[in-house]
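Structures follow.
Both complexes below contain chain A, partnered by chain B and then by chain C.
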Partner chain A sequence: MSEQAAAQLRVALIQFPGSNCEWETKRAAEAAGITCDVFRWNRDPAALVEYDGYIIGGGFSYQDRIRSGVIATKEPIVATMFEQVSEFGKPVLGICNGAQVLVEAGLIPGLNPGRVEMALAPNYPDPRGRIGDFCCRWVYLKHKCAPGRCALSSQMPTGYIWPVPIAHGEGRFTTRDRDAIEQLRANDQIVFQYCDENGQVADTPEINPNGAMDNIAGICNPEGNVLAMMPHPERASFVRQLPAELSGQWGTQKQATWGDDAAMRQPGPGRLVFDSLREALLVSVC
Partner chain B sequence: MQTIELLVNLKIPDVTALTAASAIRRRLGYEEALKELRRSDYYSLDLNVGKLDAARTLAQELAEKTNLFVNPNKHSYAICSPEEHNGGPASVDGLWRVEVLVTDAEGAQAPEIEQALTERLGYADQVAAVRQGILWTMLLAADSADEARSIAESITVTTARDEGLLVNPHFQAWEII
Partner chain C sequence: MQLDERQILVSQMDDEQLQAELKQHGVVLTPYEARRIVDLIGRDPTLCELHIFNVEWSEHCSYKSSLATLKEFLPTDAPNVIQGPEEDAGIVFFAEHEGKRYGVVIAHESHNHPSQVLPNEGAATGIGGIVRDVDCMGADVIATADPLRFGDPSGENAERTKWIVRGVVDGIWQYGNALGVPNLGGDVYFAEDFDDNCLVNVIALGLVAEEDIIHSAAPPEAATEPYDLILVGKPTDDSGFGGSAFASKILDEEEEEDDRGAVQVPDPFLKNVLAMKKANAQVKQRAKELGLAIGFKDIGGGGLACATSEITAEGGYGVDIDLDKVHVGLENLLPEVICCAETQERYVWAVPAHFSEEVLRIYNEDWDLPNIYEGAQARVIGRFTNDGIYRLVQQGKIVCEAPVEAVTSGISYERDSQPRQFEGTEPEFEMPADMKETLLKVIGHQNVCSRAYIYRCYDSEVQGNAVIRPGEAGAGVCAPLEGCPKGVALSADGNPFYGLIDPYWGGATAVAEAMRNVAAVGAKPAALTDCLNFGNPEKPQAFWEFREGVRGLADAAKNIHLKDYPDSPTPIISGNVSFYNESATGRAVAPSPIIACVGVLEDYSQAVTIQLKQAGNKLLLVGPRQDELGGSAYYQVLDLGLGRNVPQIDWQQEQGMIWAVVDANEAGHIAACQDISDGGVAVALAEMALGGHGTGQFGVHIQLDEEKLRGLRADKWLFSESTGFVMEVHAGHEQQVQEIFAGYGLELMALGEVSGDAQFDVTVAEELLINLPLDQIRDTWAGSLAEVLGS
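And then the complex of A and B:
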């Protein structure tokens, strides 16, 4: 990819009232070579069609009133984005609150596009009895789907295990339609699963922090151009963001960077999501 | 055993209800139909008392003394019995009042509150069970009770981006009470 081509890739990072991750997400996207504009929700939606793809970042749109993300889905800007995705296959990355918006908008899982087929329900309560269902910590993800199945994870090999932070109170992927889960498995739409540092996927509170069905942390639509994920890859896009106490390669790398600013700016594991988005944008505009 | 209900409301304007009403009117097309929308925290208490009056007295004590249900600085509350609901749309001044109770689909039990009441606050003999949810009260313009019920259902159940708002049926349950 030429630098010129990369510089021409433009995504709109949609900012709702209550979004709070737009600037760090913009920085992560720009580090991957994507031009990223913060696009306020109350601008003319027609301006959205000029962009090659979209990001909906984390936060608490509309203060999470009623349910996380649901008020935002009713905005005309989401209808326009839906049209652009459906008609032109533009890529969309929804992170945390963005994932909640995509699910409530019927873009994810998208088995019947436009229908709400899942929920991001409140996390299961901590079984140790602590009050408080908002979970904010580092977890590990396994890239589950086949190479290239999801355009937004195309730069990761299947089985790739990476650390990433979560911060949500309503992040439990669930559905009352068991057939939908079977279909997601059959379609290879489950992109990320919560796992331990060795890649073991188990439904325990330590590994599956919110009690999600099938340990699901991220799902793509059947076409693979829309990804909804609860963890925050933008907060793991630079080595400096990683906690030194991480075990394995990334913890070792972080510890080795002490005092070295250039090394701190090296890509973290989450950068691959934005690298994948860049490649998806290139495909989309070609 | 008596079952009694505690409805807790904000004294200040409820921005969640206002936002919901705005979205329902402006985005879902119920500008004319939805006249008012109110939201209450709903608690249903199974109390080990013989008579309804005793249940009301105990519920009042729980509301005012435990600090679990009501913060008097910001909340008001009302006590009622399940029989006081209409089970469907009720005609009020030419409009229809519909009450929609939303609970978690996996159960409305409130174990933390039950535990606090029975294990820490000394109500083990008096409180048998606590359930919780959100009660939405709608005032609707409609030609009939059936139409009002239909509108309430459409407003409530989210089936698509532009259909429904108050409930995601994949993890929530609802009923008109």
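And then the complex of A and C:
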């Protein structure tokens, strides 16, 4: 990819009142060669059309009033984004609160676009007890779907196991519609599942931190150009962001970079999500 | 213009009448203080003025009991200090990067009283306030930390204590996480001494380029050109009215309902839009682009009156404020309520009048405040003058007209101090027969076990700059400056049990421990803050405890020097005093000077955690074990009382250890390092084996003998809380490490080595004293807090 091409790849990172991950998300996107503008909620939606793709990042948009993400979906810019995604297939990455917005907007899982078909429910409490409902910790994800199934994970091999932090109170992907889950499986829309460092997917509190159905951590729409994920890939986009205490190979690798600032600045596993976004933008531009 | 007729005729009343009159208005000033107002302003005060002085002269705002002591003892200056304790937050030099000098901003406060009566709101507004203090210096807020002290969750006040713990932790995460500031650490103790008064301290860090620092004063330009006073944020209501006075009295359960009204109402959502690189940042940026001199101050304790008088006085001006222009959330507020309510999420700006319109547009249109929070906005409410008068007008009447100097000059007292004799003695007891069981009891004790149950609720990853997270070491570390290798470390410490035995050593050990924790991750201690939590200063013994605590922490700061400036003390650049942590029954909290230390890592990639890294590495100890188990976790577990021999600090040895650990780490010899505190060497080793997340897989094999014990009984040796460090040193590097420590006149002791078998073994003279599978230690350590506090 030429530098000129990269300069032309532009995403809008949508900023709602209460968003709080704008700067690290912008940094992660830019490290992947994407030009990323923070786009305030009350700007003219017409300007949004100029962008090749969108990111909705983490935070507490509108204070999580009513339900996380729901008020943000009423903003005119979300309607504009919806059109751009549906009509032109532009990619959208929703992280944490962004995932909640995409579910509330009916873009995810998108079996019937525009309809709310799932919920991101409050985390199941840890049986060993926990004071708050919020949970911040590192987890492992398995890239579940087929290669290229989701445009936002295209740069990851199927079966890829990677560490990433979660930080949410309402992150449990769930639905009462059994057929919907069957359909998601059949459509191969489950992009990421919570697992252990060896890739084992089990519904235990240690592995599945919020009790999500099928250990779901990320889902794409049927077209594969929209991804909603609860974990934060922007917080695992540089080696320096990984804890040295991670169990398994990633922890060992991190420890080996002790004292080596250059090695610390290398891409972390979360970068692959932004690399995938870059490739999706290229398609979207062409 | 006419003076408000609601004048309090102080000069015409005798003391008894005056006392009754003051009480009737909910004013806690003494008759003596009320008469001082008459002297200062030359007439009887209006009711509004009386309330303003009531707030200004509260202990919380005026430091009337503490200021003389703080000035007598504390070292506040050093070559690395950019801003000392005069403003809302201190600033210490951090890095030079791409031609700019950067500082780390630190503020440290208490929110004890409100957290006791309304835990959630109390703790949340604590974060809100401390973040404003850092933000208003022109900085980006990069971290918070919360040192907490609660009652005994298994004691006679168990249910209430658990309710407070839950509320405080919820308040911290609900506010801090929504705001988007990572929580880097803190600490927590439980003791019955906090049954009636919890302590909720809060620390915030910021990052600022030196050229972008904004002061809390109208700038010199205001003398020659028109400057406006702009109020921004939530509409003023009656919340927190009397908050500072409330924080300056003992807590009486019977008044609890009334006291709740003095607690402010938090709103992290509005704060996020104001503070987190958003609306406020845009104003700062525009002023910088236009080359305008501005002043910026948060509205905290004492409300609008306190903030507006201080921003005026520090510049040496006067101000005319029209209270009718203040946007309010309730109809018909009395002027004294508008002036003294502590409504949250508000700031004041001093800006050139020609810039005001743009400031209002930034807040009211660009960031749409009125639609984000009902009634929130920015408004011009006043104009600076040159007459030195603080003048407030409402509905055509002057409600306050006093020299600014008089309003802000404060009041001070010389309190009586009388030593308190500590009656405790050292216990005599046999060494427990089963040391395995004893170690498990210590590691599972509520003041020793894993804190993950609490900090897992805190977002420590937001902003994406975390290097060392809560639990992974005694200090948190972040790398906040993009492209710059330097790291910031933060630790907060203060063992309340040492303070109970001897407040002097309570203060001194708090400083030393905070510095050790920062050094253990590889950072050089750069500056300190102190939050001084004590009882009623009008009681001579309580005031003595305060003075002793300050003297102790000051001695430590003066005698443990900056590594980069070996002749300079470690400066105390910010802090707070919280008195009256006492209940109506007369029970006060344990004397609790809580110290935060900011450290600087030359290269964040060299930060080390406590977790053991490699089998075969050697474990070394620095710091001789002494018979210093007074206040120890060990005595508490064995139910032996407090004891008497509190750990003491030899300044030169302490400084040498701290400097040597930093040197040894920079040279690449150290794989893991832990400071020795609660639970002594035994707990330090167990924590290193477990690691911060409890995922450690290596064991330790420790060999002791008579020569190493140096006459101390083995159990006392293992659990003594004498100062020191345990280090895991890369195999083959022992000699170099010995040499570094020898250069500071310090001896190292070989404890044993890291093993691959996940066993925790201690052998004393060939006899296996402790042998435990690591998993057994892990279960007790990880699960205890949930068991104590419930789900």
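In this text, the second predicted complex is superposed on the first by the 286 of 286 C-alpha atoms of A that agree within 3 Å, B and C clash if a C-alpha of one lies under 4 Å from a C-alpha of the other, contacts with A are read in each partner's own complex, and residues count from 1 in each chain.
The rule is short, and it goes like this: contacts are C-beta pairs under 8 Å (C-beta built on N, C-alpha and C of every residue); 3 or more make two chains touch, one makes a residue touch a chain.
Values in this document were obtained by computation on a predicted structure and should not be read as measured data.
By the touch criterion defined above, A:T158 lies against neither chain B nor chain C after alignment on the C-alpha atoms of chain A. In the superposed model, A:Q183 makes contact with neither chain B nor chain C. Ranking chain B and chain C by residues of chain A touched puts C first. Contacts of A:D261 after superposition on the shared chain: chain C is touched, whereas chain B is not.
Applying the stated contact rule after C-alpha superposition, one finds that A:Q63 touches each of chain B and chain C.
Judged by the touch definition given at the top, the superposed model places A:A121 against chain B, while chain C stays out of reach. Shared-chain residue A:T35: touches no atom of chain B or chain C. Where the contact sets of chain A with chain B and with chain C meet, they give residues 62-63, 131. Of all residues in chain B, those touching chain A in their complex are 15-16, 19-20, 23, 27-28, 104-105, 112, 158-162, 165-166, 168-172. Contact residues on chain C toward chain A in their complex (touch as defined above): 165-166, 169-170, 173-174, 177-180, 268-269, 272-273, 276-277, 366-368, 372, 453-454, 456-467, 469, 472, 479, 482, 485, 603-606, 608-609, 611, 613, 668, 691-693, 695, 783, 786-787, 789-791. Taken in their complex, chain A has these residues touching chain B: 62-63, 65-67, 70-71, 73-75, 78-79, 82, 104-106, 114-119, 121-122, 131, 172, 174-177. The touching residues of chain A, counted against chain C in their complex, run 17-24, 27-28, 40, 42, 58-60, 62-64, 125, 127-132, 134-137, 165, 167, 232, 234-235, 237, 240-241, 243-245, 247, 255, 257-261, 263-264.
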